[in-house]
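One structure below.
For clarity, chains are labelled A, B, C and D in written order, and residue numbers in each chain start from 1.
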Amino acid sequence: MTPLAEYLLVAALLFAIGLAGALTRRNAILVLIGIELMLNAANLNLVAFWRYGAHPELLTGMMFAIFSIAVAAAEAAVGLGLVIAIYRHARTTDLDEINRMKG
Amino acid sequence: MQEAIPFTPYTVASWIGRILWLIPALPIVAAGFIALLKQPSRKLASSLAIGSLFLSLLLALAAFGDVLGGWVTGHAVRETVNFAWMHIGATTFDLGWVLDPLSAVMLVMVTFVGLLIFIYSVGYMAHDENYTRFFCFLSLFAGAMLGVVIANSILLLFMCWEIVGLTSYLLIGFWYQKPSAAAAAKKAFLTTRVGDIFFLLGIVWLFAQTRTLLFYNQGWGSLEAVSLAGMLTAHAGLGLSAATAIGLLIFAGAVGKSGQLPLHVWLPDAMEGPTPVSALIHAATMVAAGVYLTARVYPLMSAGLQPGGTTVALSVVTWVGAATAVFAALVAVAQNDIKRILAYSTVSQLGYMMAGLGLGGVAVGMFHLITHAFFKALLFMGAGSVIHGCHEEQDVRHMGGLRKSMRWTFLTYAAGMLALAGFIPFAGFWSKDAILESAHSWHPSKAPFYLLVFGALLTAFYMTRQVSYVFFGEYRGHGHPHESPRVMTTPLAILAFFAVVLGLVGTPAWPWFRSFLTDRPSYFEWAGFAEPGILTLMLTSTAVVVVGLLLGWWLYGNKSPRADEPDALERMMPPVWRALSNRLYVDEFYGATFIAFYYWWARVADWLDRRVWGGIVAAVTWSFGLWARFNRFFDENWVNGGFDKGCEELAVGGGLLARVQSGRVQTYLRLLALAVVVLAAILIWSSRG
Amino acid sequence: MANTADQIFVLLKHWIVSVFPIAIQPYLGVLLSVVAIIAVFPGLFALTTVIERKGLGRMQNRIGPNRTGPYGILQPIADGIKSLTKEDIVPTSADAVVHFMAPLVLVVAVFMGFAVLPMGRNMQLVDMDAGLLFFFAIGASTELSIFMAGWSSRNKYSLLGAMRAVAQMISYEVPLLMSSVVIVMITGSLSLVKIVDAQNQYTWGLPHWYIFTPWGCAAFVMFCVAGTAETNRSPFDLPEGESELVAGYFTEYSGFKFALFFLGEYLGMFSISGLGATLFLGGWSAPLQVLNFVPSWIWFFSKVMLSIVVLIWIRGTLPRLRQDQLMNFAWKFVLPMTLLNLLVAAIWRFMGDGILRWIVCSAILLGVYVVVGTVEMRRKKYGPRSYRYAE
Amino acid sequence: MNVVFWILAVITVLGGLMAVTLKNTVHCALALTVAFAGLALLFLQLDAQFAGFAQVLVYIGAVAILVVFAILLTRGSETPSEGVLSHTWFAGLLIAAAVFAVLAWAVLKSTAVLQHETAAPSVSVQQIGSALMGRYVLPLEIVALLLTAAMLGAVMVALHEKGEQK
């Protein structure tokens, strides 16, 4: 069991948890939270691969992680904005009720 | 701390060299601020523009002094600051600026004339409601133009070149309410594009040949010995060396910008813009940019030039220039719009510059460029003052006798007119004389010389015609003409002064300008006149000019034909007049050839669509119809039953599938995850073996 | 002599550590520094409360606390005893866990911020390569505790206060960061120690502090504004505007937790002032070369206290802003100016030495300041309001 | 077996679990921040200082706050009367478990080829900065553009449409 494998396992677990949250909760915001968790798990993988990879001095994995953090910030902003818009429109954030394909 | 920034200049230049970028930067920044301003804050706008350009002028003078100092102490100054703009793969795109006599002279000219014109337009545009927009465009233009001047990288030059084109477009169409202005702007933009495409091709080719975008870079620039030698040996087909071909392509760009034949058509129409614009952009600076570009890449054109001989590129430049000079002068004779006359004369003078470049090298062309910038700006601003004074009247036949009512304008205008006509000892005389001299001593052919002399005659003639129309006789317009405000006349006076004396830096006796540009020591000696041919040449050109003046005065002087009665020249030779006044039908020619060709082609395509393809389609449809009839019979009797069954099946399946598309996000997400699982499993499994 | 005085704490620490076995020495060193920080700053906090109360008293033409001890010096002790012995009330409907966590998170987060501040020549807990980033990251996480406090205590005043506070802190964190990025650009390092070293040089006896450059000065001004807002000090103290919402997010807190919030707030002030001093005022470096003999830590703390006094003074002077004014000011004025300041710093860096860069940079900054300022003032939003009273 | 790592891992995973299981949405958000903090510490454990601090700054400082704001704006703070789980929660759980199984399988299967303990790479912020300005300048520009667009987009989406002003 190499340290890298440990990190990867933790990341996988976190990813699964996030996925479970995204799949089982009915509140849109909680789905977003799950997605954030999944993103973070991915980041953990990237950094771990950078750390134990062949060429850490190239910074590739780290850069990837940093960029994905930035992208995740954008994603959260837009996603929550959408949730708020939907809430204003449908007066609910319950995904089971938001299943109309046209506004 | 040093490595905190990626920017590292390749060379260490003098302090002025290092901050040369400020010269274009200031007006551009000013333009940015002005763009933010609201309409009411006019004063702030104009003062921002003028102030920034004034600072640029000071810096330009400092740069000029620097170069001058280097020249006096006898070692050439060519400071370049280059830096890598971006790396893509292995190739780096370099930008940079160069400070050498050529750019220094140009800088001073542009900033100085520009500043005067800015001040002038404060008065001219005073009543326009888009005042701030005007100044925004104007100083954006100034910045871009200065960028063109100092560019040491053909890429940077091209960028600024395009910005200049854009601002020209914006300013020609400044009064976009007038459809004519809008059309003129479009025409200018498109026509110059034609040239710019070739220019771009030239740039690409140059880059491909020399692997560098820089002009000068410690001997590795594209205009320096190594690359030139390489380009001379490389062949481009048609027996041309790559150097020649690239030079010609770039020259095509110059042709577009500075309105040489055959792309001159946009320049006269460009006079739809406000007069300061015509003065600044379409007389003094932008149209000169083409000439400047040609001068910049002169080493490319003259690659492999033997003394006394010429190169293909140079001879092309010469012929185009000479032809343009005469052609435009001819047309100018028969125009009635005061600004159009000046526009055509600009075209012809630009022709002179080009010819000068081709015949006598950088110094000759640039000398005429500088002097012309001054007196042509003067003429345009004078014309503007006249138009302003005559209540926006532009037709010379509705003017006249203004010499009494507009003293200052008249005096300064006369000075400019004499300078343009090349009357001794005004500025234009010396510069034009230099061109004629080099034309006379041009071995390959004498034709350009005669053409240019003829052009000089015409120039004197049409300027006399215009002046006597505008300022002599009695006033034929409506309302009362009035002198323009001080803020407009003062720049005129300043420019007039230069129009008179500026030529003295380039007399044969004291060819200071030439030796400055070509970096040779200069000294004063009367013997300069005594050189064989010079004196006779000067006498001939003077004589030609005088003849032109007298001719003009004899035809038009002091008599004031009304608008309805035909022009004096028209009475003498109507057909010629008609040809000329219709601008020798060039526009019509283009209309009849290129544009008509497009129409024709469109019609052909249309016909093809209707007849040929249409016919085929019809035939196909018919056959299908036949086939269909048969099928119908077949269907109704055999297929239908089975088909209906199939349809039911499909309906059921569709129902099943539709249940998946529930519009619930989580359903989709679930399927996604499921797919991931399956794929990953397959992947791992397959990776086992 | 001067050197020992300068390094006295460092020497002391080494001496103490050297007593113990090698194995635990590094941990012990860290522990000692932490203890020192945890001891010193609350002391400063006590001192500051006295200064504030008496200073404000004078500004408002009162005497201020003067009963406990001579001139009321012992007031903070009395306060401490009081708040410790008070009953700790938790609203029944409150969310007990979060309600309990909030003050702890706040204080811990704020204390962590001090870890990277160099408080004297080699007197810092850790010299992190990304110290500045660390500082801001920690600072960012204090917002959460405030939200926790406001939300958990099921009280609309608290909630409103928390929302205001969080919104305000987020909006002002951006300019705060931006105005510090300039320093990073010039120094080429995020390590606060390196930043101080870069400023610790003298020409003609005058220091190279960044405040003495056009961009530095501009950045400092904006840093002060943003920092004041970040620590919810007046005139940006809407989150706890007594007149509007009782005491903002810690309305429902009492006793020790309240004291913790109080402490956290003041510690926030200290850390921001310390950062400001480090970035712009040359950290622990002396203001004049001749004054170098004075121990460096004295300089640092005097700078911090000076800015604290200024903050108190401001609090006594300026009226409170309106929420919309606050936001507009942050997003429409301070942020653009900081962005421009980045550009100016780049120009400065790239023009090399010479008087010219001073002229150009100052010109750009002033020009834009004037233009933007006038344009903004026109739009009535920041301009003086005309109140209409009921006749 | 690295103790610190395991502690952090447990903290992170627990935070994640609570974030998706707790009833009260705000508690979920707070648990989420715990998970974020744990991740940041894991990054530090991986000698990725910069990434770790960036994580704290962005996630705890911004995303968590955003989530909380969204919760309060959508009145999500009071727990809904009917269950918090969507009616298809069981399938979701199964699939999540399957995903974890597959990933774990992959990791464990390839554990032989994975790198063993390597020396900690010494990477200074300086290098990261120059890398951002040099090799990664294009991505950097694109991300900048993306963030701007996202900001505008979020504002536009979350704004009140005219007409349905309440």
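What we mean here is this: a residue touches a chain if its C-beta (ideal position, glycine included) is under 8 Å from a C-beta of that chain, and two chains touch if they have at least 3 such contacts.
A quick note: this is a predicted structure, and the numbers were derived from the prediction, not measured.
Our note on geometry: subunit C versus subunit D, Cα centroid distance of 29 Å, whole angstroms.
Taking the mean of the C-alpha atoms as each chain's centre, subunit B and subunit C sit 57 Å apart. Our note on geometry: subunit A versus subunit C, Cα centroid distance of 34 Å, whole angstroms.
Looking at subunit A, residues 19, 22-23, 95-96 sit in touch with two or more other chains.
Counting partner chains per residue, subunit D has residues 50, 54, 62, 69, 86, 88, 91-92, 95-96, 99, 103, 126 touching two or more of them. Touching of two or more other chains is recorded for residues 3, 664, 666, 670, 673 of subunit B. An unclassified topology is adopted by the chain contact network, corresponding to no line, ring, star or complete arrangement. Going by the touch rule set out above, the chain pairs that meet are A-B, A-D, B-C, B-D, C-D.
Taken together, the subunit B residues at the contact with subunit A in this complex read 662-666, 669-670, 673.
The part of subunit D that touches subunit C in the complex is made up of residues 24, 26-27, 30, 33, 37, 49-50, 53-54, 56-57, 60-62, 64-65, 68-69, 72, 77, 124-126. Across the complex, subunit D is touched by residues 95, 98, 128-130, 133-134, 136-141, 143-144, 147-148, 151, 159, 163, 166, 170, 173, 188-191 of subunit C.
The touching residues of subunit D, when paired with subunit B in their complex, are 86, 88, 91-92, 95-96, 98-99, 102-103, 105-106, 109, 126, 130, 133-134, 137.
Across the interface of their complex, subunit C is touched by residues 1, 3-5, 7, 15, 18-19, 22, 29, 33, 36-38, 44 of subunit B.
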